[in-house]
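The same chain A turns up in both complexes below, where it pairs with chain B and then with chain C.
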Partner chain A sequence: MAAHCESGTLTSLLNYAGLEISEPLVFGISSGIFFGYFHKTKAFSFPTFIVRNKPGQMRKNIEKRLGVKFSTYTFNSPDKGMAKLDEIIPQNIPTACQVDFFYLDYVPSWERVHINAHFMTVIGKEGNNYVISDAYFPTIMQLDTGSLEKGRFAGGNMSPKGFMFHCKTIPQTIDFESAIKKGIKKACFNMLSIPIPFLGVKGIRMFAKKVVEWPEFARDTEHLSHEIMKINILLEDQGTGGAGFRFIYATFLQQAAEIIHKPQLKDLSQQLMIIGDGWREISLFAARIGKNRDLGQEKLRQLGDMIHDRADVEEDFFKNLSKAIN
Partner chain B sequence: MKEKDGFIDYPDQQIILYVEKEDGQYGPIQTGSYLSANFMNDFLHKRKNLEAGLRGQLIAGKISPVRFYMVMEDLTLQELSARSGIRQSRIKKHLDPVSFGKVTADELNHYASVFNIPAANLLQVTLIFTNDEFQSNVILENKAKNISVTQSATQNPYVVLTKIEERK
Partner chain C sequence: MTTPSEELKLEIKKLIINTLSITDVDINSIDDEKPLFGGENTLTLDSVDAIEIIMAIQRKYGLRITDQHIAREVVRSINSIAQFITDNRKI
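And now, the complex of A and B:
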């Protein structure tokens, strides 16, 4: 198992190829930590937020910063995409596939949602079933050909187009110090300096301000309750390692402090762990008011205030992190 | 977060949580989902209510089958269009129960593929009598104790094989 599907898949592929690296290091070097709030988009039926960078970006950043090479493939034809996978798997090359989570039959039906950005690793084939290592499941799973094909070739927003990749080469030497610094700098830029009002710390503030408007989008109280409780799912359950990736990033900073001999990063990792505890309080608060259908304006304002408080502390945190690394 | 505060006993949904261990090092633990452990019944209750409400509207002719599955699967018009390859203007018509009559068999198959159901289920509602009431087979957890209903594809793209059998 791993905390997150993309960082977990990358970590296991790198480990299999001989590079010893932890999931927090992969997450941190690839500048995984992020925040974005989407109040009205055509792709989502309800306001939502993200707590990580764009799907696929972790792999690209890891390639760039560690010098690792991956072989990547996309396909217009499902037949060609499945045939290529069938050609690679017998060579004992674990291959990561991007899929729509909804079509994975081994996922309990109540957990299935249409998200085109799930990553899992195909490690074998037995008859008509593929053998799957999925970061969100503690045991090896099986998936029939039809379901895998549907998942790999689902249309819509961020359509996977059969995307798959596997490790090609690992360099002899890796400059971890440079990779860690670049990863942190980019994360600080993403959280503090993107000039778009719904991204980074500005996005957290927009979330805090707009959450009181959520009842306008809901069909009824049960729908609003469901969406408010999804705040907990997005921060805790949907593969974040807890507190919307803040705990795994704190772990990255602790490991990075040792590797690049910067004790300030250890202090900052402790600060981020405490910031993460605050995000967790938001998760629990959202779950509680959702369960109790206690969703009046006063409670939503209280929720907004708690979120706004995270924006303030994260702005200070990332400014200090940026100074520490420069 | 301290390790002792992170552990949740819920084997049905395991997650990885990063915590502070006793020696001050941060690292992963495998634990249960807090939300599932404490609020699963509420989550399923809301899902069943949503399905029952939509089914009532479907049977009363107030919404079309496309609208039913679109809401159940939380898809927007744009997403459904991009996934099915059917124009948004055409889907809008199919959301209306009367205009749904103009849907073609080919379009039914496109919708069914996105919704991951047999096309035939866009034209019928199957209920299973369990726990003293009829419940929809859209919610897979609604399994009757002594009856099993399975549907599988056939070589004919428009025909689904539905098997109803006694559980032994």
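And now, the complex of A and C:
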């Protein structure tokens, strides 16, 4: 079991290849924590936000900072994509696949939604079924060839195009201290200094300001209620480890404090846990007003104020984190 | 593994009822083992209620459930909540 599919999958591939590393360390070293707000544009039919870096970035950052090498593949042809997987799996090489979550038959039907950036690991094949290790499930699962192919070659935004990867080489020695520091510095840069008004702490502020405008983009109350309740899903229920990845990053800081001998990171970890509690309050507030269809301007302003408060505390937090690491 | 006390289970039932302002369920009718979600128990909760309960547990017992997979298991039934609190609270 893991908190998040991408960091969880990376962790299991690294562990299998002989590198002992925890999921929070993978998440932190790869600068997974982030925030981005996307107001209604041509690309987004309704405003939305992200609480982590973009899919695939964690793997790239892990390669860069730990010196690990992954073999990666994408395909235009489903036949070629499945054939390549069938060539690799008998060599006992666990292989991570990007899939549309909706086609994973082992997921209960009521939990299946179209998410094109889910990652799971194929670890074997028995007859017509692939043997799957999925970070969201405690036991090994099975998936038939047709479903896996549909999942790997689903269409739509961020289509997986059969993307898969496996571990190629692990360096003999790894400088974890340097990797952790680089991971933290990049996370602080992303949250504080990217000169784009909708990313990082600036993005949280934009979210706070713009959420009162959301009714203008909704078809009706049902639609608005659905979108407001989605705030809860994006923060709590999409493999975030709770509170929009803030809890998993706090755990990373706790572990990093020991490795790089900086006890002040433990205090910062505690602070981030409390910041995460605030995100969870937002999540609950959004879910509650959405469920009760209590979506007047006053409630949305209240929601905006709560989000604005997170921007302020996260700005302080990341400034302190940046000082602690320098 | 210590077995949770009946007293704790009653305390949890009261906590849920008070947190969610439930007025139409008799506390004695809540089954300890039947799932709290899905309609099998006299209490029928949803995912929003689950977050309320997780936060109420944190406030009352000082136990933060960070991971949603664990949270899902914990809030499954009165017994699972009681076991989690028994296993994790500091004496």
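Simple rule for what comes next: the second predicted complex is superposed on the first by the 320 of 326 C-alpha atoms of A that agree within 3 Å, B and C clash if a C-alpha of one lies under 4 Å from a C-alpha of the other, contacts with A are read in each partner's own complex, and residues count from 1 in each chain.
The definition used in the following text is that a contact is a pair of C-beta atoms (placed from the backbone, for glycine too) under 8 Å apart; a residue touches a chain by one contact, two chains touch by 3 or more.
Note that this is a predicted model, so its numbers are computed, not measured.
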Three-chain arrangement built on chain A, chain B and chain C clash or fit: clash
Residue contacts on chain A - larger count, chain B or chain C: B
Which superposed partner A:A43 touches (first chain B, second chain C, both, neither): first
Touched partner set for A:S269, first chain B, second chain C, both or neither: first
Chain A positions touched by chain B in one structure and by chain C in the second: 1, 3, 136, 229, 232, 236-237, 239, 241-243, 247-248, 251, 273, 276-277, 280, 283-284, 287, 291
Chain C residues touching chain A - in the complex, by the definition given at the top: 46-48, 51-52, 55, 58, 64-69, 71
Residue ranges of chain A in contact with chain C within the complex: 1, 3, 136, 229, 232, 236-237, 239-243, 247-248, 251, 273, 276-277, 280-281, 283-284, 287-288, 291
Sites on chain A touched by chain B in the complex: 1-3, 8, 23-24, 42-46, 102-103, 108-111, 113-114, 135-138, 146, 150, 154-157, 159, 222-223, 225-226, 229, 232-233, 236-237, 239, 241-243, 247-248, 250-251, 254, 269, 273, 276-277, 280, 283-284, 287, 290-291
Sites on chain B touched by chain A in the complex: 1, 6, 12-20, 25-28, 30, 33-36, 38-39, 42-44, 46-47, 49-50, 73-79, 82-85, 113-114, 116, 139-141, 153
